[in-house]
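Working notes for the structure below.
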Amino acid sequence: MLLHNDRLFPSEPSALKVARSLYAHIRNLPIVSPHGHTQAAWFATNEPFPDPATLFVQPDHYVFRMLYSQGVSMDDLEIGQPVVKDPRRVWRIFASHYYLFRGTPTRIWLDYAFQELFGMKERLSEKTADLYFDTIAEKLKAPEFLPRALYEKFNIELLSTTESPLDPLKAHQAIRDSGWKARIVPAFRPDAVVDPSFTGFAGLVAQLGAQNGEDTSTWKGYLNALMKARARFKTLGCTSTDHGHPTAQTADLSQTDAAALFGKVIASKADAAEQELFRAQMLTEMARMSVEDGLVMQIHPGSVRNHNKFVFERYGRDMGADIPGPTGFVHALRPLLDRFGNDKNLTIILFMLDESTISRELAPLAGHYPCLRLGPPWWFHDSPEGMMRFREQATETAGFYNTVGFNDDTRAFLSIPARHDVARRVDCAFLGRLVAEHRLDEDEAFELAHQLTYDLVKKAYRL
Amino acid sequence: MLLHNDRLFPSEPSALKVARSLYAHIRNLPIVSPHGHTQAAWFATNEPFPDPATLFVQPDHYVFRMLYSQGVSMDDLEIGQPVVKDPRRVWRIFASHYYLFRGTPTRIWLDYAFQELFGMKERLSEKTADLYFDTIAEKLKAPEFLPRALYEKFNIELLSTTESPLDPLKAHQAIRDSGWKARIVPAFRPDAVVDPSFTGFAGLVAQLGAQNGEDTSTWKGYLNALMKARARFKTLGCTSTDHGHPTAQTADLSQTDAAALFGKVIASKADAAEQELFRAQMLTEMARMSVEDGLVMQIHPGSVRNHNKFVFERYGRDMGADIPGPTGFVHALRPLLDRFGNDKNLTIILFMLDESTISRELAPLAGHYPCLRLGPPWWFHDSPEGMMRFREQATETAGFYNTVGFNDDTRAFLSIPARHDVARRVDCAFLGRLVAEHRLDEDEAFELAHQLTYDLVKKAYRL
Amino acid sequence: MLLHNDRLFPSEPSALKVARSLYAHIRNLPIVSPHGHTQAAWFATNEPFPDPATLFVQPDHYVFRMLYSQGVSMDDLEIGQPVVKDPRRVWRIFASHYYLFRGTPTRIWLDYAFQELFGMKERLSEKTADLYFDTIAEKLKAPEFLPRALYEKFNIELLSTTESPLDPLKAHQAIRDSGWKARIVPAFRPDAVVDPSFTGFAGLVAQLGAQNGEDTSTWKGYLNALMKARARFKTLGCTSTDHGHPTAQTADLSQTDAAALFGKVIASKADAAEQELFRAQMLTEMARMSVEDGLVMQIHPGSVRNHNKFVFERYGRDMGADIPGPTGFVHALRPLLDRFGNDKNLTIILFMLDESTISRELAPLAGHYPCLRLGPPWWFHDSPEGMMRFREQATETAGFYNTVGFNDDTRAFLSIPARHDVARRVDCAFLGRLVAEHRLDEDEAFELAHQLTYDLVKKAYRL
């Protein structure tokens, strides 16, 4: 066995016993995945996944960033290529470096898929590379490994993808039209048309106007077009927006000033500070629209994107070279909160990449403002230690009920059950310790385990 | 039982055994409470506390901020009202949301009072709301629940309140005059007359002058008046000052520049930066006075007060909407330390709301400067995890002896024994782990447990 | 016994069992010490160490900063004096304050030396002060306590000192010439000739020119002189450089702009910002040289040096008054990384004093850039809790293989075995917990224990 049944639980017997019981209680609950980056097209077309390298290595920046950090060439891994030409060669490179992932969540996620989906029993290594490749490649051809079959096998109740307002959502529509009874919905991610630093921003905004029958050369038409795009997403089940700004800065300009700033931005005359101010203003505009249409806001700030110039120029975005920076919330969110912070119809879910903010800013904010909730630990912190630190640093001030369950936030469809399993285990480990230290009664821990796994996410995301 | 005898101790048996022994050794030591926000008037008049809602809900921002964060109306809780009109209704709202406090220190403090003082055995909930209300309301009428009786029952050796220099301290005087043998002393908190951003600052400074027979329109008269007010506090047992500035910034201007700045400030012509500079200068002036008169300084920086505009405008200050921000000490304290940092007659106790400063700045500062000590984890960090992280992050560099025992820092008189009990248990848990991991000898742990509970606070606060 | 055989291991039996086995496997591996501040002259002359106070108290700022923080006079400890006149008196002061070190790594290091080298069995205290003094003083005279004998007894395979480019390295040459088969090498630390804020900077740069036959009044001659000095260090076994800048800021100016800046700096006309820019540029120049000559770069940023004005003026540098400040890497390193971040011939080892950067910036950077590695927790964090937090916060994103084993980084030669022992124990404790929680297989833990102790350091430092 690659995986022990008690993995991630405390080794101390009294806490272990509670953690085991709690986990038994919730391990089979359906997966609710309200935020992620899988592709609706997989489920619309239901084509088989091509091969192990294309499935596990090429799209996963957690995987290839680690290999790259240890001197493996991204070209050798065929990163950024439209098709992997020599998947077995890529797989062998990956396998012979698999030891690099010791102690990382990637290792846990992959071992889970290898064991649970593909029945592997011996650890991946140079020696077992071909056995793995052949076994996985073979199984991927089988009907039970098609995307829809896996979706059902994974016991997914809801899966949200993340899409641009410019996306026609044809795949989502096709899934609906197919009559397949799965709930796959889009989240509205407008970064490309609200962040002036995006390449081709003005053209994208014009496209937004054209698609929605609005004149987006005016501030009012621009806002109308966004509102219409949101409405279109809602017809396909969307309940949330998502905002991946460099910072959490918000602003609350007068509409006159906002319109003037928009004019500058759309004319590509805005400097860096004005671009930041525009993004800030747009978060507040998005909150205003959310108050109207009920979409839950997600804010994912603090990533310094494309940090490696060479990698960006050669391979493009999302190549494992995004590095978090210090992030502030307490001053940054104030303009938005001054305006809408006490509105009962607003929910904003905050994510962080800077752990120093958990106990200092995020828990106190979420433990006071009725609109604020804390998203689960994100990205580099979506890991056993990261999740445990999050619970330890957030719970005493924000409680459990200002958190929103788990997000897998993944491009790697096959990792979804593994990621949810890790989150469930870590929550049970945390609750188990609280019970073993007599800080929580056991009946409460059972109730909480269920809520952290299932109820809070449905409530927070209005599902 | 609501509370287990081993709560907050490690569940691992060898560490648990040591923690239990240590706790048995110190659990009954008297409470020394050198910093807090109880009201001397309670003990001067010795009137019964009115009802459960007025006692436990209305004044406790830890309680109602959590309820508010989950959509409970502050109006329904009668927050900010002079008298609670329908205490049973408020209590029922509170009881039916009591589950929100799972995993928080508030839950531990309240359960302690419910069990130890009021003999409750079943958990507070919607179902038990009336039982709790009736039981507590009944007991509050009994003589053994009068403030003075509780003070004695709590085994308090000293209790410090926190008062403005403008306070006539009549209640403190009345306690002394009554002949009751309790040691209730004021701490000198001059924020309202040294922080120009306080509403009505100039008028308050004028009042300070009038009270002390000094012309506070001049810098010299202003300093004299503060010195006289400090002397007045000392006659009633005061041994410490307290400073709740937005930052830890200090300054060391020439007296000419300071006088000019004071002129600007008092004429309400100072901008935000000048107000900050004035506060910074005043910390250094306060240190100078402390060198003279021996009052121990406490600095509580880093809270962004009244963050929620709506709540502030409707309900006022201290309504659960204060949010910490990033706080720096290493540069901020330097002007003061350059001047007085090596003075043997000065003690400055530093508090923090930004945990990233513990290992980075605070422990190295306190582990070097003879005048600096670290206050216990404050406010949002006055919690089992917060205290444990503080010990883990401070001890290796600052040692135990540059810390000062526990502060309850509370407005909630009935929570005092619970808060000290939590601190004692967490210290015993930490020491128990050190012994179980053979990082400290058991005899040393016993000595330390006593010192952390009793001796260090008396030494640091010069009691 | 002062020390328990299981010290620093988890007390939970299943994790303890693994930690013990891992430790048994690696405890006797040779010590590789690639960065530190011992003196080559000790081994060149092989004179006995003078007395206990001169050995343990006077040079160790960890020791006397703690004593000073608790009111012990630095004069009474004869700090900063060329010779300790009354070593027994100093020793007695130290012994009577030894309790201050409870819970600190200093205590562990000292107890290790006391027990393992000097055979002490009772704890150091006022009572045992003279017994310790006499025993240690006596043993120091014995041949087996001479520096070379201790070096061999400690099983040191390599020891690096840290030297200025101006140092003639006579002691290193003398060791080589003596025929003694030890590997003692210098690291190249150019701060004094690349940081314009150093006292006498221009004169030191001129001296650098004179020593290397270059005209260091020109930018080109200056760079040539540095290159030659590096080459000279390499002939004596040097494999690394070290840079202790106030920040991690780098720059990548054109050579024209860099030459102009150098002109300003050497003429003492650069302001603080220009001095910072020059240091930043020099880090990039050093990286360029490292790409050429293969020396591994170490960057130790973030210390605010000489924070205590009085102590600096009276006693000088390195007197326990250096305090860390907030440190940024993500933006600061970008200019250097844009230029050389993907170069296969470059290794940069990053150290930190600001733990909030571990999970936020350092692990993501090292988990991507092929040139970056994470140094072990430095200075105030070279401690059991600090090391454990480092592993917990770095491993999930950077893995184990982007770390470089342990640095003792000490001036205290006798503490070297103790420091490595602590690091080995903490690594075994961390690995033991991962195994006990089924997050790592036991065979992998054995391999990792060996690599963390021995292999990674040799690889990273190119030894």
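Read from first to last, the chains carry the letters A, B and C; within each, the first residue is number 1.
The definition used in the following text is that a residue touches a chain if its C-beta (ideal position, glycine included) is under 8 Å from a C-beta of that chain, and two chains touch if they have at least 3 such contacts.
In this text, all values refer to a predicted model and were calculated from it rather than measured experimentally.
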item	value
Rotation angle (°) superposing Cα atoms of chain A on chain B, nearest 5	120
Proportion of interface numbers common to chain A and chain C (over half same, under half different)	different
Distance between chain centroids, defined by C-alpha means - chain A, chain C (Å)	40
Residues of chain C whose C-beta touches two or more other chains	12, 356
Of all residues in chain A, those that touch chain C in their complex	3-4, 6-12, 65-66, 68-71, 99-105, 108, 123, 304, 307-311, 320-326, 353-356, 380-381, 383-386, 389
Chain C to chain A touching residues, read off their complex	12, 14-15, 328, 330-331, 334, 337-338, 341-342, 344, 356, 359-361, 363-370, 372, 392-393, 395-402, 433-434, 436-441, 444, 448
